[in-house]
Each structure stands twice: as structure tokens, then as C-alpha cells.
Amino acid sequence: MKGTDVTEQARVSIKNLSAWFGEHQVLFDINASIRDKWVTAIIGPSGCGKSTFIRCLNRMHETVPGARMKGRVLLDDEDIYKSSVDPVSIRRRIGMVFQKPNPFPTMSIFDNVVAGLRLSGQARRVNLNEIVERCLKQAALWSQVKDRLKEPGAGLSGGQQQRLCIARALAVEPEVLLMDEPCSALDPAATQRIEDLIFELKKNYAIVIVTHNMQQASRISEHTGFFLNGELVEFGETSQIFTTPGDKRTEDYITGRFG
Amino acid sequence: MKGTDVTEQARVSIKNLSAWFGEHQVLFDINASIRDKWVTAIIGPSGCGKSTFIRCLNRMHETVPGARMKGRVLLDDEDIYKSSVDPVSIRRRIGMVFQKPNPFPTMSIFDNVVAGLRLSGQARRVNLNEIVERCLKQAALWSQVKDRLKEPGAGLSGGQQQRLCIARALAVEPEVLLMDEPCSALDPAATQRIEDLIFELKKNYAIVIVTHNMQQASRISEHTGFFLNGELVEFGETSQIFTTPGDKRTEDYITGRFG
Amino acid sequence: MMDQAKGQSRARKIKARLFYLACLSAIIISLGALAVLLTDMFIRGFGSLSLSFLTSFPSRFPAKAGIKSAIFGTIWMMSLTALFCIPIGISTAIFLEEYTGNSRLAAFIKINISNLAGVPSIVYGFLGLAVFVRALSFNRSVLSGSLTLALLVMPIVIVSSQEAIRVVPRALREASYALGGTRWQTIRRVVLPSSFPGIVTGVILALSRAIGETAPLIMIGALTFIAFVPDGPFSEFTALPIQIFNWVPRPQAGFHQVAAAGVLVLLGIIFFMNGIASIIRNRFERH
Amino acid sequence: MSKINALSRKSKHGPKRRWGESAIHALLFLLSMVPIITTFGIIYALFAETFLFFQEVSIIKFLTGTVWSPLLVPKQFGILPLVAGTLLVTAGAILIAVPIGLGSAIFLSEYASPRTRRIIKPLIEILAGIPTVVYGYMALLFISPLIQKVFPQANIFNAAAAAIAVGVMTVPMVASLSEDAMSAVPAGLREAAYALGANRAEVATRVVVPAAASGIVASFVLALSRAIGETMIVMLAAGATPRLTANPLESIQTITAYIVQVSLGETPWGSMEYKTIFAAGSVLFIMTMIMNLVATRITRKSRRI
Amino acid sequence: NAGDGKGLSGQVKIDGSSTVYPITEAVSEEFQNENRGVHVTVGLSGTGGGFKKFATGETDISNASRAMKDEEKAEAKENGIKYLELKVAFDGLSILVNPDNGFVDDLTSAELKKIWNRGSRVKTWRDIRRSWPDRRIKLFGPGTDSGTFDYFTKAINGEEDVSRADYTASEDDNTLVVGVAGDKDALGYFGYAYYMENRDKLKIVAVNGVKPNIKTIRSGKYAPLSRPLFIYVNKKSLKRKDVRAYVEFYLKNAGELVGETGYVPLGPDEYEEQIDRLPKP
């Protein structure tokens, strides 16, 4: 494996991470680090463990019955799996956006954005209107929905729903943003808009994005990790991975010989 | 639009085809033709109408409530939408394989292969064992399943399931084979095997394959059609489309500028 | 900001804990009620449970009383009920799910069914009395009883079959259509086999409901001393819940034990039916 | 092409298949009429006699009268005491069934391991299979004495004991159906909430329960109609004293219990007293029907969101 | 199905009063044991429901805890149903209190009427007799649709269906036993048979100085609360062998079987007399 020499600016460091579903091991001894203000793209064929990997970064993996992991994940040098750490607080610091847009169907657009704040009881202490406006603007959705904040979030188009989910993730002010194939359910125009948004967001966050679209990875990321069968085959600067991959398998994948 | 000058050897000709879901038009005045013993690849970003297009070719489109179409689809110069034509018989002559492998979960491997024959009551008149063996061999699955034909088809791996679905489609001896992203749920090795299979099958069939994998399209097809927002932007020989696309949008898509 | 993000406040944690405890006590109460009921029945009834209890006719002496006629009556009645409600229920579900789409007729039938599901069982007793016992002159026969119960549990069969049919993936239907299957062939070969476990569950649920129903049978006049086994659909009959209801109000304490033993038998039958259902479910779901 | 294909093409326009398809369609259509016929059958069975009854008794007095004593001299036909008794028992039953049932459902769907759920759910469903006669005697011999211990003024037959038993009887319905609805909530929604830093209880109350609301409400409605229509329990445990009261410690009578009382009783058939059960049955039917229609409205509304 | 035993076969349909039911049930059980080929069914539709079916010819025999009423007679006549009224037993309605009640040993008809009449203002024991304590009485009685209620109201209050309504009613006499046994200020009335089965839990009260027992009930000395129980037999049915055999069996064995059920049998010659009244086959 190449390219793990970036640890010094790491926001999140992954050390010897392995993961299982029941008896079935799906991640094998992963080491990587996520840099602040960079976009890290995770690519690889279906079923290789991309989702499992990023779900280990905010302890979502453990919400699946029968799932377990080994190894360490450091957020600012603190192990998030230490027993004294509350997974709930970790998830607040490391936000997540999913493949399929999943706004809360029973809530309005406004309520969706502030759902995270309401849960933690912070809603009373802050100006919700301000936050909703800021987050929707950050998510490039404000102009389209500002007149119908009270309508249900499920009434939006797929791309708008995904941006709503991003706004919702931003509202709790995370430090790291994980995105699991956020564009795969979207049309080209919506994809374009989300990509622009990621470009904006990376000024403030460390972003990890899973994608099956190689072009997208090369367009938006600084770092790329290539997974195959649960192993991190290659991890390093995007430009280098896409031009001079260090591993034959990476090359095969990138040139479309499979997947 | 370019490249519709292939009608003379056409097995299937599509004339001014438009299609709707309810009030929402998703195909606009498509003209194309499918040549016998060639593979025609259909590419385009998600939601552009690729699936709808091929589903219009065997009258599967009309099984969706609220869906309708306009235009003509000629199979050997006979309009399949003529009122005297039975859609059931058309679907028998134009087989289809879907994106997600969908073997019948309640049937054994054997029964899956002959399901089409059983449906039409032909099963009694022919030697089923022979047919099962031939089709499974054609689908390159025989050697792996010949000892467990009585086991449920759902117990196979994804790639095997997809080949089982192909065998099932072949068993009714169609004249044209439509495949809607048959490899997108498969791993690289399974994909490779299906591609080999397509290579074999095209000796006897006219094949239409939808794919989101440009490399796959260029590897396996003679013809390529590029859809965007329900329009057939470009249709012609694959080599030409991938080297000297006639349309700026085709070029943008192929070089990964979106999608 | 770091402070807020520090995690859940104490109050949130306590609330979550209390909520968990509330849910836990709910389930404990539910199971506790079951335990109390079953234990009570066992203590009362187990002593009376014997082979001769199963093979004797009712008697005025608790020690001699048995449930032979009730068991046969229940078997007769359940068989006929199943015979009526299964085909009609499943057909209706198929019709609603596969043939009508969103038509007015479908909407009307659906409203009807959801209303019928809420109609008290005793009201079906009026129906059975007026239509089957009187108008059709089936008297208080097994046939009248099972027709009444079949109508009573029909909504359960329909609704659960509808649900089972609805969750059959569209992909499977499409596969069948693409192979040249007609609508009915697709239903027959693909949809019904796939929804079979769900339909069986619904049917068992319906029959378990029917087997314990008392009020509508009382309405059609089935509360009767019967010391023979029904010999046909037009024969008079008694059934387990009826026999239990007949015994419970008696002055002799012995009958209360016999009644409890009857309840144990009834529960045993329900258990058995549910066991069969789950075997069928597991068998098919594994595929 | 091959032989098979020639065959298939020959049979494709075959009139036989077309005929079979439409015959099946017609048959299914006919069988689907059974629910509609049933509804009309019920209406006929109830309303024909009810109509005769109202030729003798004023419908206004029937609906507004506060004394129900059709079998006592002087006869009075005010249905309100029976309606009140029915509602009292139903309300009490719902107060028990909803929190316990919903709590059990949440426990099963959000806290229990799949293994635990697989064991417990069928156990709870057994509760639904116990014949209600049994609950009736439980109420009388077990619950009622307990109530009398706490409230010595309570009657041995009282609405509370019946209500508790009916509640316990309907718990499995609420638990099992609500659990189904909650399990059907897409995993994506739960994940979204977890990812925002919600704990399990918050996921359950803020996300899962609202998203499953239509199914949960449907389970309440079913429990409600079972409670309204429950007969054996109230007959055995609530007494046979029609009384316009809201005191659950008193003996009362419900519509269903009255109907059974008369249909097993000494009243001559065809007499006006006997016709009261049709009038009472009609009231019961209309009550549950209105409730169901309202509930359909509510669930449809909550489903739209 | 030709029947074994005496070779009889057929179907005897009986319905009617739940009070008479235990007697008919006992007879039917014994009869069935001897004649497996005959299917005897005994329904519980109440005296009224039973007469309805009887008057339309649906049943062969009707159990009745009272004599047929005029409108019921009229209906039977209209349908051309001729019948025979047979007396089969006596029932003594018993007045019961809790065994812990030390002061109530007997009550007069007048006192009972004072307690149970419509609009009665008796609330405490003291309202009955000055010397009794000032505690609330809890009254228990059968539901208003039972034969016991009809008979009691007629005998005590003078008119059928006239009663105070604010007592605890249950159709199920057994639950009345539970009620009276469970409350030391309870007073209730129900059938003598239920008392017999629960003697240890209940205390019986003399009426007008007479305690109910087999002798006083049969002789009518226990007045006015002893009443006869009947079966009505359709004369046309009686021409059938199975029905005739059943009725004869009934009257021959009633003397013994009635005692078992807690009711009071007629004198032996009274049964003989009724057998003689049966039309010759």
C-alpha cells in the first residue's frame, strides 16, 4: 500500500481497522487518514466495503445488529471507540449524508433542517430561523425553498432532497462530513450542483465521499482510496492515483476493465 | 442526429417513438434500428430514459400503470403495437434481462430455466432436460449448477443468478435480447463472464444492452446510442461515437464531464 | 460549540433511560398477563386433561364430561370456514391488487372491507341468524356457523393476502411478463407462490380468530347440548368455545376445571395451527 | 426459427387463452363482490327489524333517553345507558391497550435483538388467540377482587374489571400491528437520525413512531373496534345493569352484553322487547362504522405526509 | 346410522329455558347413552326463544320455566301446532345472604316487596327492620330477561317485570354466587340449585318463616317462591317413535335425575299420571 505519509495534517486517522457482519469479515486492517479541508474520495466495485468503511468512522456501523469492528479511529488524536466516548456525540461531530436522500417524511423542510438541534435540546438556545437560512444557503437550496419552508420535505425532487439532507447534516455543525454515494440517485444537473456544493464545503470541513463514478472522484477529490474485497488497495493523492496507479488492480478498475 | 443509415439490415426499427409516464414525457421522438447479430449499446446518464426506451421494444412499458407511448416499433417490418398483435407473444419473441438478477425465488434452477415454457404450456411438448442443458450451457452456467438443478435459484451468487436469468430468457428462443444494465449489480469477475457470454450470444441474436459503464459499451458493442433527457442525441457505430462523437454533449458525457 | 457537541446532556440520557424502562415494563406486563393467564388455566385445567376428556361426550357430571362433540364440531366448522373464506378472500385480494388498479370500484370494495374488519362479531351473529339460519333455512347447522364465521374473518384473509401480494417485487412480475406470461399466468406461477407465506399467515390468523369466537355462534343459536358427532354440513353442532361457555356458569366447581381444560385444548389447537404456519413460513422464506 | 417458436406463434392469438383470462377476471370480480354483499346483508339483517321497532318507539326518545329498561315495568327505551357503558369499557380498554401495546411494540422493534423478537412476538400473539370467555372469568375472579381490595366501594361486577380484561385482550393486536408498522420504517430514516446524534429513544419517538403513524393508528382503530364489539368479557364481568354513569367501579351494561342477554333470555321472539336487540345492534354497527370511516380519514391523512 | 341399543334412530330437537336446561340435559345424556342412534339436541334460547321455534314447528320439545303466554299460544295455533304441557319439576327461588351476616334469618313477603319493588327506598338494613344495622345493602339478582326474574317479580311485587332497577344484575347465576359470597352486606335471589352447590359460601334465608328444602318446595309450603317447570311436547312429533321414547324416558327418569340437578322432583305418582296422559301411539 502507498501514500499513508499524510498523517501529520490528519483530522481523522484510521489505524488497523477491521470490520465484520456476524462472522463475515468485510474490512481487513485498513490504515488511512483524512485531511482537513480536503475531499477524500473512496472508490471501488460494489460490495467491496466502501460503505462499511465510512460507517466505521462515525460509529454508525455498530447500529447494525451483529456488526462489530476492531482497530482504532482517531478524531483529533482521540480514539472515538474509547469506552468513555459517547457514540451519540461522535455522530454529532462527524456528520453523514446517505446514498438515498432520506429526509424525515413527517417533518417540514424547516423541521428537517433543525431536526438534529431539536434532538439535542439546543433548539431553544439558538435562533432557528437564522440557522435554517444559513444551512439551506450553504446547501444551495435556499432560493428554491425559502417560500415553502413549512411544506413536507418529501415533496422535493431527489436532488433537492439530497441537498436538504446535506443542510440537515450541516445544521449540527459537524467537523467532518461523510457522504455515501450522495449523487448516485440524482440526475446530472443535480449532481453538478452537489459537486459545486462539495467544492464550497471543503473550505470548512474534512469531507469523505464514496462514489462509484470515477470521473466524479477525479473531479472533486484531493485524496482517493481504492477498496477491493475489503482491502484498501491504494490510498493517495487523486491526481497520482488516476495517472500513475501503483497497483495493477487499481489501474484495471480505473480504466473500466471491471466494475 | 447521425447514423440512422443502417435500416436495411434492421431486425427492429424504431420510428418516432415517444413515451410518457402519466403526463410526464420521458422519450421524445426516437428513431433507431437494431441490427441482427450485432450488439447495440445504450448509454446515458441516470434518468435519461434508457430503460424506458428498451422497455418500449417489447411492450413492457405498457405494464406500468399510467404509462403510454406513441410511434411505431417494427419487428421484421411488422408493427408490434398493431392492435391485432398480442403483447404476450411479442415478449416471447423479444426476451429481456433486467438490471437486478430476478430469478423466481420459489422455483428451482431447473424450473427457473423452463418457466417461460411452462407459462405458455409448451413444456409438455418438448424435452425439458435437453432445453435446460442447452440454455444453461449457452449461459455458461451449466458446469457450475448441473449437479444441483433442483435447488432454489435464489441460492446462487449474484453473477450466477444473472446468468440463470439469461438462460431463462434464452429458453423461450427469442429473436432479440434486451438487457437492462445486466452487470451493474455484479462483481468484476461475473461481469467478465457475462460479457463473454454476450459475445457468444450475438452470433444468433440481435442484442440491445443498456449500460452505465462506457468502457463496457466500447468493449462489447458494434452500435451505440447516447440518450440525454429523453432524446437520442447520437446513434451510430461504437468506434466512431467513442473516438469522434458528433455532438458536444456526447463528448462531454464520454469524457466524464458529468453523469 | 464544542461544549454543545460534547454529547448528550444528562437530561437527555436520563430521558432515554426512562423511555427504555417504560417500554421494557410494557413488554413485561404483556408477557406477565400471558403468564398469569396460562398458569391459571394450567392449574385449574391440567388435572381434568385426559384421553377420556377428549373422547367423551358432554355430561352433567364434571368427572365424566368430555369434549368429543365439541372437538369434532370445531374441526367441521373450521374446515368449512376455511373452505369458504380462503378462496373468496384470496380471490378478492388478487382482484384488488392485480386487476382493478385505482378504480372507483376498488376503492368502494376496499372501504367495505376495512369497515367489515371493524364490525363487532356479534353483528355478524345477526347476519348469520337472519340470512343463514332463517332466510336460507340452514337452521343452526355447522354450515350456518361456518358461513357466519367465514364472513367474519374474511377481511383478515383479504387484507393480509393483499399485503402479501403487494410486497412481491415488481421485478418478478416483470420477469414473468418478459417471458411472455399473461396476467393470470404471472399471478398463478409467480405472484401467488411468492406471497404464499404471507397468505398462510393471514389465513391462520383468521382461523385462530374464528376458532375462539363465541358471541356470533350464540346469536345463531349454537349454545346447545350435543352428545353426537356432526355427520354433515347440515348437522347441528357444538364447538369448543361454546362448550366452555356452557360449562363456566355452572354451579359445580368441577365444571370450572373442565372448562379450563377445554381452554387448554383450544389453546393447544391454536398453538398447533400457528406452529404449522411458522413452519410453512420458514420453509418458504428460506428460498 | 425453431419448432418451439413456430408453436408459440401459432398459439399466440389462440382464442382459448384470451377466453380463459377473461373468465378468470370475471370470476375474481364476482368473488370480490362478497364483501359488498356482506355489508348489505348486515344492513338488511339489522335494519329491517329496527325499522319495525321504530314504528312503536320514538327514535328521538330512543336516542336521547337516559333510562334503558325494556324488560321492566314501566318500559323505557333510552339507549344512552348502554352506549355509555360501551364507551366506558372501551375507553378504559384503550387506556390500557395503547400504552402497553405501543410500549411493547417499541421495545420489540427498537430495543430487542432479532432473536428476542422472534421469540416474544409469537408469544404475545398467543394472547390474541385465547377465547374471550376466558378473559371474562379472569376479570371476574381475578381482577375484580383486586379492584375491590383497592376500592372497597367497588361492585363485584364493574366496568373497570371488564375494561382491564378487554384492554389486556387487545394489547397483542396493538403490539403486533404497531411493531409491523415500525419494522417497515425504512432503515435509512433511523440511520439519518442516528447520524445526527440521536440516541435510541429519540430515534424511536421522533422518527420511527411518526413515520409509522398510519400503521400505529390503524392498530389503535382495530383495538378500538374490538373493544366496542367485545361481548363475552363484558357480559361476564361488567354486570347486567344499564346505567348512565362514568364511574368505572359500578356495574353497567354494554350494548353487546344486552344483545346476548336477550338472545339467551325469556323474551318472546317477535315481541317489541325482542326487537330492541336489533335497534341496539344497529346503534353498535353505526358507531363502529362511523369510527372506522373517521379512522380511515385519519390514516389516509397521516399517510400522505 | 340405524341406531343401536333399542334400534331407534332419528333426531329429537329441544330448545328453550336455561332454567329447565340442566334437567333436560341430564335426561338427554342418559337417553343418548342408551340410544346412540337418536340425536338429541338441547338448545338454550330461553323460554321465549324456545316457544318461538316450538310454535313454528322447528322443535319437538320446548323447555319452559313458565306457562305459555297467550300470544305464544295464538302463534302455535296459527301454525297448526298442537301440544302437551308436562310438568317436570319444581324450582324454589332462594333468598341468600353472606354467611358473615349474623342478623338476617328470615324475611316476610312484605319485607321482600319493600326491598325489591319498583321505586323502593330501602338502602340500608335498617330500612327493613329497625333493629338491623345502618349499613348499605348490596342487592344481587338475575338479569331482567331471565325466567327467575319474571317469576320473582310476579310473586313478590305482584306484577311481572316490576322491580327496582338499581341492583347488581347478572345473567349468570354463578357470578351472583360470587357476588353474594364476596360481600358481607349482600342480599340476592336466585335458583335453589345454585344454593345447593354453594352451601358453604352462602346463607339461606327463610321466607315467611319457611326455609326452602325439598319438602317445603314440593308441597308448596315454601310460598310464594316455589314454581313448577315444564316441557312442552309437539303432539305431531310425539307420534314419532324416537320422540315418544324420549318423552317416556324423561318422565320415567325425571324423579331421579331432577334431584341430581338441585331442583325438586314431583311426587312419583305425578310422573306416572303424566305418562298416562300421553296419547296412545
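Descriptive notes on the structure:
Should a chain be cited, it is by its letter among A, B, C, D and E, assigned in written order, with residues numbered from 1 in that chain.
Here, a contact is a pair of C-beta atoms (placed from the backbone, for glycine too) under 8 Å apart; a residue touches a chain by one contact, two chains touch by 3 or more.
If you're wondering where the values come from, they're calculated on a predicted model, not measured in any experiment.
Chains touching both chain C and chain E: D.
Set side by side, the interfaces B-C and C-D show unequal numbers of C-beta pairs in contact, with more at C-D.
The chain with its C-alpha centre at the largest distance from the centre of chain A is E. Centroids built from CA atoms put chain D at 14 Å from chain C. Note on chain placement: the centre of chain A and the centre of chain D lie 47 Å apart, centres being C-alpha means. Centroid to centroid, with C-alpha atoms defining each point, chain D and chain E lie 37 Å apart. Once the centre of each chain is set as its mean CA position, chain A and chain E turn out to be 82 Å apart.
Among the residues of chain A, those touching two or more other chains are numbered 88-89, 92, 120, 172.
Counting partner chains per residue, chain E has residues 44-45, 49, 172, 175 touching two or more of them. Residues of chain C found to touch two or more other chains are 8, 12, 180, 182, 223, 248.
Of all the residues in chain D, the ones that touch chain E in their complex are 67, 69, 71-73, 140-141, 145, 148, 155-157, 235-236, 239-243, 251, 253, 260-271, 274.
By the touch criterion given at the top, residues 1, 4-9, 11-12 of chain C touch chain A in their complex. On chain A, the positions that touch chain C within their shared complex are 86, 88-89, 92-93, 120-122, 172-173. For chain C in complex with chain B, the residues that touch the partner chain are 101-102, 169, 171-182, 185-186, 189-190, 193-194, 196, 284, 287.
Residues 58, 60, 63, 65, 88-89, 91-92, 95-96, 98, 100, 102-107, 115-116, 118-120, 152, 154, 165, 168-169, 172 of chain B are the ones touching chain C in the complex.
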